[in-house]
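Right after this note come the structures.
Each of the next two complexes has chain A plus one other chain: chain B in the first, chain C in the second.
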Partner chain A sequence: MREPEPPEGPERAEGPGGYDPVGPRRHEAISPTGQGGAMDLALEEAESLEKGPGPGPAGGSGAQEKARSLWSDAWHQLRRNPVFVVSSLLILFLIVISVWPQLIASGDPLQCDLSKSQQGASPGHPFGYDTQGCDVYTRTVYGARASITVGICATLGAALLGSALGGLAGFFGGWSDSLLSRVADIFFGIPVVLGGLVFLSVVTSNTVWPVVGFIVLLGWPQIARIARGSVITAKQNDYVQAARALGAGNGRILLRHVAPNAVAPVIVVATIALGTYIALEATLSFLGVGLRPPTVSWGIDISNAAPQIRNAPHMLLYPAGALSLTVLAFIMLGDAVRDALDPKLR
Partner chain B sequence: MGRYVIRRLLQMIPVFIGSTFLIFFMVYALGDPVAALFGDKAPDPATAARIRKDLYLDQPLWKQYLHYMNQIFQGDFGTAFNGQSVTSLMATAFPVTLRLTIVAIVIEVVVGITLGVVSGLRRGRSVDTSVLVLTLVVISVPTFVTGYLLQYLFGVKWGWVRPTVSPDAPFSELILPGIVLALVSLAYVTRLSRTSIAENAKADYVRTAVAKGLPRRRVVTRHLLRNSLIPVVTFIGTDIGALMGGAIVTERIFNIHGVGYQLYQGILRNNAPTVVGFVTILVIVFLVANLLVDLLYAVLDPRIRYA
Partner chain C sequence: MLLEVRDLHVEFKTRDGVAKAVNGVDYSVDEGETLAVLGESGSGKSVTAQAVMGILDSPPGRIAGGEILFKGEDLLKMKEERRRKIRGAEMAMIFQDALSSLNPVLSVGAQLGEMYEVHRGMSRKDSRAKAVELMDRVKIPAAKERVGDYPHQFSGGMRQRIMIAMALALEPSLIIADEPTTALDVTVQAQVMDLLAELQRELNMGLILITHDLGVVADVADKIAVMYAGRIVEAAPVHEIYRAPAHPYTRGLLDSIPRLDQKGQELYAIKGLPPNLLAIPPGCAFNPRCPMARAVCRTDVPPLAPVSEERTSACFFWKECLHG
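What follows is the complex of A and B.
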């Protein structure tokens, strides 16, 4: 979790690429967005990657060791990092129980017994019962599925859309680049919870897809900005000039030479964004516009438990703990990956 | 400087139009404001058509938007669901949210910078590591969880503060909500000032100050802190806009009748003028705060020159 030194770039009053009303300033790694501090941190982590090429991505370790590629080098680094090991084991566990929740929870999350409403822990039901008399443990386990689904789908969507648009804009520049920056500014101007309330309150669907769609809609500009900056840095390298001199076309240069060297920051920001998207889904569900019953979701459970917090705090604490742990795991994973991919931090 | 401000103001216009049109589109085109007026009952078609005509809703969307913006610039924000004008709702809501924002910012500045300075000066030690872990944990716990937890612990269990805020919302009742609202930004301020302090501690002017024999306290407060706080100040400036719009969850938990509360009510009742009006003001606050921060940055750091 060491912080990188901010790059000493040329003096610039605005963000990279001209006008940028919410762009980062010189000493600031990344500017704040409407998504709040967590997302700002995610962007800060990734932005540090795209700046100085440093000693060069590959072979940074010099003569003592055999030259390794950035990725195998990063993998060697990661395996020795306890933060990475712990968070990836946790994430693996979460993915397994979201696919097969019956592995550790034998009950049915929708089967409830009103006579047991708000009762505390009892044998076989370690987390007690909620207001409807449902087993809190079973519901907490089953709630992982909604969160992980929304998190992974939204991140995939936002990362693909954002890196495609941002990468193309950064590679070709010109009017498409300016257009992308303006469109991104428009999305940055809208506070994210507010936009979610407005957008999702008019949607009447019981599936996770409107929530995923909304998060992609507001999430892609951040990733596009990272991808754009990263591609602009990568395309100035000598090997790109060499490839062009050898007669390679735009498509080949972009896919074979620029993309593999520009993808690292996008991966880091996407990992951390996954955690923040899960928190965002829970917030929207909490406000009553995200996922809807009968979908089992931590946000809904917390929202239902909140008025009863005086009588039965356990109903709130367990789903809230699971949610926080999940978000923490993804943010720590992103942090560890960032550390491994940034050669300057060694 | 003057030309820069004019250029920035001109460039704000498309962003302002885009953001407000997006919200306008979501509210008026995706929802149905007339049907919302009737609640659960189905509206009589003739009455609905009449209301549509009266409210200018039978026109194409872009005409509605132009009409709406025209009205807004004449100071007419329309009528809220309870018959009050939206401007009077704003007059009661914005002062409350402004007070909440001030409390949150003060907490961010005092606690965030203190923690950042302490951990930045002891980089790599146990204090530093625990502060970093703490910020990670704070970021991971969503606002609505910390809100309910702190409300339960301080307001209900130990009874140190009132769990909910009265309609007047004096500063003394806003301390706990302010802490909840500030927490995530607080973590960011801590990390930002830590990085900045650790970077500047190696600068030549700090070494000179130490070599002159200045006491450590003076080196830190006069030389180190002054230069390291520039990025923090700029972050806090841009955070004002985010805090004012992002208080929906906090205001709901603590029953604060501010901007977030009114917006939430407006969205629940599908009252278009309230939602679009408040969002328009928030977008303006966000854009102006960003511009002011950029200008402030030039004042704080003389190396930056705007041509």
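What follows is the complex of A and C.
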């Protein structure tokens, strides 16, 4: 990251040497350093500083020049990335309708009229009806809630568990690290769909929590690996040794010096994983082991619609389209975040 | 004596065997005194310093023997908790590359203030005020405006000043500066060294200056210890060493400084490479590169023998070297 050159106004170029070590310059409110002998040490370097001290000619930009850290840089870049803008607007919309589905769907997703089974679009019911005569539009809107809840809760759970375990293992190393890595390998070895069929078929609960728990159980090793790797990289930095040399303890080093510098890859992977978790929930629901009726879920609707694809393709199209769009939005967001947080890609 | 290192041995376990990085180093620093530790890369000067600070990477590093007495107390026998309290407060370190030694995601004010938070339990607000004070002390212009800036927003020299400020924050009695000016350009180097020397005088600290730059040493050091392959080969007051080295390695180092009167001539260089620490040659470690080497140098390790009252050399033939 190069510092921008100071604004080179014509008044900056002064006589031979271009610098008067005694008085303040024309636009400077204060003298950059004292006039004592020792203070002269700093004079040459003061020249090379990015901005002149005090409210100089470029003083107006002083406030916004401040604090260009990795995060503010990333934010700066994200805001200009159309992929980020589109995906985050889409996600914002999804979150809003999953909290308040009534805003755009007035009906009740469980209020069905069998006489309208598999009918196509009609006024007030743009997506038509499914086999049970339920309004597909209403069900698609209400289905967002399950997907978003599972996606966000599972990601939070996996990210917290994975980064805590992976971070500690990477930081302290030794036998606990080896143990954790092998345990993570075991969980990696569980095939997702098969594991889901086995674990979730014994669950009788109707809530989203068994599904969330299962996804966390299978998802944390991925995050733990990333967290472990980036903590190991971060703890080798000189500033970690410097902090240690200045008397900081393990807790402070881990939380203040290592974690903020290691969290970026975890955020990236977690954002991308969110999309795949939503798809996983739909897969499990499709197979009949995820969410169950009366919960409204895209996976369940897709499952019901699949046999009728030739009679009533609209039943499949809308929930499947909504699912694809949601997954796409989160993966695009993850991509944009990765581009912004990985300085090597800039 | 403020710090006394006695017969220190440090090893690193590697895949190919045990690398003996430090093999019996003795040195001492008193209050207000500057010791320059000189040597090539891999001579063990930084590892010795890390052992003193207690920030050796272990594993693979291991202190295999010796004593490090700080104010008469052996640091190696101390509990880690107590040692941690000494680090930063009583002894501090300045690192070579200030950019990589400062946390990029924290403002410099937060990092300077951290010293007070860790050791003095100050609140964040008070510590911020202290940070401004410190930045003033190391002559960073407009400290108040810049205290919230991030490390990458400072120039190299300013960053090194911040490192110095961090080390000085709690007015330690010992400072170890590990090549503090290597990453800076020459004009800034002089300023930073002057600042460091000035603050050292003011606070009457002991300073261990690790460097491979003989030019830096001459002005600021009181005494010099020259290291080679994990041993001290010569230790002497600074002026005596420049006048007449008592070890062929020191002589080689001095001869390889570019001089104005040699303009146009080829610059002297010590032939060969520093030894592999996994297989240090038998006898004197310097013998394969030494212009004065004889049969005895290949079999016996020369002891660090007194040359004069304040001076030692680890060469069998120091007399020849001194007068030749």
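Please note the rule applied: the second predicted complex is superposed on the first by the 279 of 346 C-alpha atoms of A that agree within 3 Å, B and C clash if a C-alpha of one lies under 4 Å from a C-alpha of the other, contacts with A are read in each partner's own complex, and residues count from 1 in each chain.
Here, a contact is a pair of C-beta atoms (placed from the backbone, for glycine too) under 8 Å apart; a residue touches a chain by one contact, two chains touch by 3 or more.
Please read all numbers here as calculations on a predicted model, not as lab measurements.
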{"item": "Chain B versus chain C as contact partner of A:284, first or second or both or neither", "value": "neither"}
{"item": "Touching partner for A:150 - first (chain B), second (chain C), both, neither", "value": "neither"}
{"item": "Which of chain B and chain C A:197 touches, first, second, both or neither", "value": "first"}
{"item": "Touching partner for A:246 - first (chain B), second (chain C), both, neither", "value": "second"}
{"item": "Chain C versus chain B, contacts on chain A by residue", "value": "B"}
{"item": "Chain A residues contacted in one complex by chain B, in the other by chain C", "value": "1, 3, 32-33, 38, 41, 44"}
{"item": "Touching residues (chain side chain A, partner chain B) in the complex", "value": "1, 3, 5-6, 11, 13-14, 19, 21-22, 25-29, 31-34, 36-38, 40-41, 44, 182-183, 185-187, 189-191, 193-195, 197-199, 201-203, 275, 279, 282-283, 286-287, 302, 306, 309-310, 313, 316, 320, 323-325, 327-328, 331-332, 335"}
{"item": "Chain A contact footprint on chain C (complex, rising order)", "value": "53, 55, 84-89, 92-93, 95, 97, 100-107, 114-115, 118-119, 139-142, 145-146, 148-150, 152-155, 157-158, 163, 166-167, 187-188, 191, 194-195, 198"}
{"item": "Interfacial residue positions of chain A with respect to chain C in the complex", "value": "1, 3, 30, 32-33, 38-39, 41-42, 44-46, 48-50, 53-54, 62, 66-71, 237-239, 241-249, 252, 256-257, 260-261"}
{"item": "Contact footprint of chain A on chain B as seen in their complex", "value": "4, 7-8, 11-12, 14-16, 18-19, 22-23, 26-27, 30-31, 129, 132-133, 136-137, 139-145, 148-149, 151-152, 156, 184-188, 191-192, 194-196, 198-199, 230-231, 234-235, 238-239, 242, 245-246, 248-249, 252-253, 263-264, 267-268, 270, 275, 279, 282-283, 286-287, 290-291, 294, 297-298, 301, 303-306"}
